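What follows is subunit A paired twice: with subunit B in the first complex and subunit C in the second.
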Partner chain A sequence: MQSLQTLSLCSYLLVLFAGAVLLTHPLLLLVLLTALIAALAEAEGLKQWRKSLKYFLAMIMLVMIINTLVNRMGATVLFLGPVLPFWGRFAVTLEALCFGLVMGCRLLIVFSAFMLSNLVLNPDKALFALAGLFPRSAMLLALTAKTIPFLGQQMQRAGEIQQCRGVNYYRGSFLHRIKNKLPLIKVLFLSALEGSFNLGESIQARAYGSGARSSYFHVSFLPRDFLVIASSLGAAVLMLRLFQHGEGSYQFFPRMGTLIISKGQLVSAALMFFLLLVPVLLSRGWKKWDYFKWKI
Partner chain B sequence: MVNTQWSLYSLIIVLAAVGSFYLWYERHSSSPKEVAVIATLAALAGLSRIPFAAVPGLQPTTFLVLICGYVFGAVPGFMVGSLAALTSNLFLGQGPWTPWQMIAWGLAGFCGGVIGRIKGKKSFSRWLLVSAAFFWGFIFGAILNFWHWLTFVYPLTLSSYLAAMLTGIWFDAVHSVGNALFTMLLGEELIKLLSRFKRRLTVSSLPVERLGREVIKENEKII
Partner chain C sequence: MGLFQVENLTYYFPEKEAPSLQGVSLTIEDGEFVFLTGHSGCGKSSLLRALAGLLPDFYGGRIGGDIRYKDLPLTHWNKRNLAREVGVIFQDPENQLVMTVVEQEIVFGLENLGLPREEMRRRVAEVLSLFTLSSLKRESLFNLSGGEKQKVILASVLAMHPRVLLLDEPTSQLDPVAAQELLNYLHRLNLDWGMTVVLVEQRIDRCFHLADRVILMEKGKIAFEGAPGEMVRGCADNFSFFIPPVAQVFREIRNEEIPIPLTIKEGRGVLRGLLASAGNRGASPPHVNMKNSSSQEHLSLVRSARQGKFRPNISAATKPAESPLLKVGNLGFAYPGNELLLRGINLEINRGESVAVLGENGAGKSTLLKLFCGLLKPQQGKIYWQGSDITGQCAEELSRMIGYLSQNPNDYLFNDTVEEELGFDLKVRGENERGAVKRVLELLNLSELRDVNPRDLSGGERQRVALGTVLVRDPALLLLDEPTRGLDVKLKHQLAGMLKNLKEKGKGIFLVTHDIEFAVEVADRVVIISAGEIVADGGRNEILANSLYYAPQVNRLFRGVDPAVMTVHDAVKWLRGVPDLQNNNQRSKAATQDQAATKGRK
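After this line comes the complex of A and B, so read on.
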């Protein structure tokens, strides 16, 4: 999947993200989540995803708790608590609980989509794509990204020098430790800003601002990129259709509605699943079948 | 049926706001040194999230961005704040929070620029900046919770928003107190330091024919 161009990857990721934002139907969210897990497995990120799941679950629990506490629109009361000051009667309903669970699922899809983007998007290629739209901002972004690790090293060095002089960052009260770290910020500021003038002169010497940007990468769109863009567009159209016809959302309140509203909804969900699996299938074919790799 | 449009609209508005600032910056001509200084300040603001990472919520980024806006102006302040969020997340991990962090820190820088414009550089008001830094801790939390509330909580009422805010109030309070402390302890010195670099960046050009007259006038003023 990493071999795809930034535009094709972005269109795929954007559709997954838009799906999590637009749709609230449990079946459609399950389709999105399954496609995402397959994509994560293909990008060799399933192990990392499983590791992060415990952090995701904590946030999902929080979403569930908030929704259960604040939502009083459900009709099936599971637990009726006392009347609380400023709050009214405390009640837990089945509908609010299920709604919280589905919202948690949406949150998981959003997190997983970003995790996939971190795995498959090459920052250099993404920056190059951005440079086409915002050349100055892309230059600024590249300079900032380059400066952070350099300044990190400088800060570590300055910290070690201070420790040699007897400053201890790990002992004493919390305030004392924070106070010990403050001079580091001043030192870093001074040296970094002095360095920035040299950096400015250096980019000027390399003809920054004297004309149009030259390009380092040669972008060539291959059939697989067109296939991914087309499948993503198809999935986006299906999502919009479902959203417009009210089939993208599920009735939670006051009582939960039927899961499948129409046959069309089921067909759209199946088609959407297939379209979202296209990049995964292409990647698998690319890895396993030389002829296919050559063709796409 | 649950409304999901607000979540999408809010995201579109935030992305359009960030995009319009970047578009403005694209059209605004800046010297290579200005570019390098903004990039360095953004890197410093982004990097400052790391040394205090052990304490959730405590991060000098908001204070640094506010000070940068105060000295360099509203738009460079916005650029420093939004870039700090975007680039530090390249290392810490991008997520749905990135555009909201970009707008929140960007607006903190913009607010610093507005304060600088209103107060003027000579009448430095420590308490105004300290209180602005303190409130930005809570405003930052409120902005970040906003999308979370719009997307994952229903119904969208004041009480549900307050409940969503309450889940992170401790981190917001630490953030606010930290900002105020950083501004009290380091604010004045950093403003002096940044102002010196800003003066070094300022270049004014004079036509050759006016040069003689201007130099004579300057000399007369000094005498």
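After this line comes the complex of A and C, so read on.
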């Protein structure tokens, strides 16, 4: 997947992000998530994704809990609590719980899409492709992508220093461990801020943003790039159609509606799944069959 | 008409009352090699940034005076044209790299200049071969060593064909060999391409003689300006730190009849003359030991290490009666998925002993320190602390006995004041910090800065605070990784004094350094690591004397004369013992007294 051109990859990633924003139907979100997991596996990022899953799940749980406690629109009461001052009767409803779960799932898709973009988008290529059009955003994107692993290294270094100063990250309560990690965040931010001045100076001293840039590398679009752009466009059209017909969302309140509204919705979901899998299938074929590789 | 003309330049950083540059006026000629030196925080880097047109763009603040490049005010220069003319390289390559692959980093500036593709291809190929980077063309920058990154930055700036190159301590992260290689490139660029070079550097011995002119700065002003020869003769005594050791030796002699050399070659000529003169008068110089056994011993050590027969050779003077503080046996370590980085390491560090570890970048020196302090776990061998096995114990447990100072002091600093920063380590342990913090503040001369935010301090001051966070725990063993990085020569001297003081108090000191002069000043014992193995371990003089790469400048000056002479102090003492020189000194002193008496009569 990494061999695709920046534009093709950006179109694919944009569709995934747009899907997480536009769609609220659990079935369609499941389609997005499954395609995304397949893409992560193809980009050899599944292990990393699984490692981060516990943080994602903790965040999803938090969304669910807050939503369940705050949302009072559901009709199917699962638990009725005491009457609270200024709040009224405390109630947990099935609809609020499911709504929270779906919101969490959307959040998971956004996080996972970010992770995928970090794995497949080459920041240098992204800068070459986009600097002419959006010089500041392109530089921001390139530096962000470069900075993430760099900050990781710096975080580890600062963590080692804190350990040598007697700070233990692995003992004590969860809150205690979080508190112990706060200095690390401070070191990281302060060092990143100081380093950014040097980086800014280096970028200016090498004339970035001083006028039109030329390009060292040939940007050659291969058939696989056109296929990915076309499939992404197709998926985007399907999403918009579902959204327009109200089939992209799901009725949670006051009572949960039917899961499958129409046959057309089911066909659209299947088609969208296939279109979102196109980059994954192409990548697989590209790796497996030489003939396929030369053809696309 | 000079290439650069600076007139009455004054600059204040935001919210600072004292100026960073104060009434600086100077002219830099086309094709000149200027060496800019002075104490940490004296304004060298600010001047360099001002010449590059970067002040006050990034930092804000107030600026006054005028900087002209090719007779046009710098502010009138279009950014692209200025970048074509002036290339700038800073200390830390990590903070200058924009891309992720070597070739793309080099191309970055060329694309920004809008050069045609064919021109870029030619320039990239040229700089890749010039810096022997062709094999790393498609390598990720994350996989490169500090030295290689610095070369990539230099290549990416040079590919833009600037007329002027401004460099701020470009060798600070390089081992002696890589640093010399970089300075050789700069010299070649100046000689062959006529490139104007303005270099800020702390390795004075290696670049002083390359310069056409030396500018010495003090508190934002130019304190001295002149040819290197004039500098060694004419600068005030309190600036004698900023001349090369070989010149310091002959300057200290204070004999007007003896010329002050700039290079070892010139110094050896002067020394030969002195010895010949002493020989003609029938006197023999003191301690002259022409029988030079050190290099033979060194070679035999290397040979036995390679054959696996090596045993640490601690001189009788430092050999302790009690068990060593730290002892490692047959230590081996590999990072996950890699081959062994360190193998068969056998070492002892004793109370009141100071050991310097030398070796090229990537040899495994810093990894060794991390193994000792418990940050990494060895795959082979054992580590003993005063006889008890501590292999596999974590860093938090060992932090009471073993203090570790990493290369980057910024990794330590996050508290709001210096005092809080020093107290943090004790607070973590729930101990009363006041007495210990006060003691360390005084020891490191930080008392006046106790209420300052550590991030507002200069590089040298930050290094002292970081060292303070280690010392406040009063560990018995100090592990120091490149403690002189970012320090000027005077601060290095102060640090050496502090470490000697700690050693006398019975602390063990184990330091990794690329700074040979510092190692000579501090260490009793020297260990050389090459490709993950100890190839030499022995007394300081035994290992360093006549070593091809690691001999200090003064020792190279006395090569074949007396290998025991290692420092400026040794050399001055040695020379003062030469009878002819004694007579000369007496004659010179008498002449000065006569002149004074004549003046008085007049």
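The rule is short, and it goes like this: the second predicted complex is superposed on the first by the 218 of 296 C-alpha atoms of A that agree within 3 Å, B and C clash if a C-alpha of one lies under 4 Å from a C-alpha of the other, contacts with A are read in each partner's own complex, and residues count from 1 in each chain.
Rule of thumb we're sticking to: contacts are C-beta pairs under 8 Å (C-beta built on N, C-alpha and C of every residue); 3 or more make two chains touch, one makes a residue touch a chain.
Fair warning: this is a prediction, and the values are worked out from it, not measured in the lab.
In the superposed model, A:E201 makes contact with both subunit B and subunit C.
In the superposed model, A:V167 makes contact with subunit C only, not with subunit B.
In the superposition on chain A, A:R89 contacts neither subunit B nor subunit C.
Contacts of A:L190 after superposition: both subunit B and subunit C are touched. Here subunit B and subunit C are compared by how many residues of subunit A each touches, and B touches more.
When the two complexes are overlaid on their common chain A, residue A:M73 makes contact with subunit B while staying clear of subunit C.
When the shared chain is aligned, subunit B comes close enough to touch A:R106, but subunit C does not. When the two complexes are overlaid on their common chain A, residue A:H176 makes contact with neither subunit B nor subunit C.
Residue contacts after overlaying the shared chain place A:L143 against subunit B and subunit C alike. Contact with both subunit B and subunit C is seen for A:P123 once the two complexes are overlaid on the shared chain.
Overlap of the subunit B and subunit C interfaces on subunit A comprises residues 123, 143, 145, 186, 190, 195, 197, 199-201, 203-204, 208-209.
For subunit B in complex with subunit A, the touching residues are 1-2, 4, 7-8, 11, 22-23, 25-26, 29-44, 46-48, 50-52, 55, 58, 60, 79, 83-84, 86-88, 90-91, 93-96, 151-155, 157, 159-160, 163-164, 167, 185-186, 189-190, 193-194, 197, 200.
Contacts from subunit A toward subunit B in the complex involve residues 17-18, 21-24, 62-63, 66-67, 69-71, 73, 99, 103-104, 106-107, 110-111, 114, 117-118, 123, 134-137, 139-141, 143-145, 147-148, 151-152, 155, 174, 178-179, 181-182, 184-186, 188-190, 192-193, 195-197, 199-201, 203-204, 208-209, 246, 249-252. Residues 122-124, 127-128, 131, 142-143, 145-146, 149-150, 154, 157-158, 160-161, 163-168, 183, 186-187, 190-191, 194-195, 197-216 of subunit A touch subunit C in their complex.
Residue ranges of subunit C in contact with subunit A, taken from their complex: 49, 52, 54, 57-59, 78-80, 83-84, 86-88, 90, 92, 94-101, 104, 107-117, 120-121, 124, 142, 153, 156-157, 160, 370, 373, 375, 394-396, 399-400, 403-404, 406, 408, 410-414, 424-425, 428-429, 455, 469, 473.
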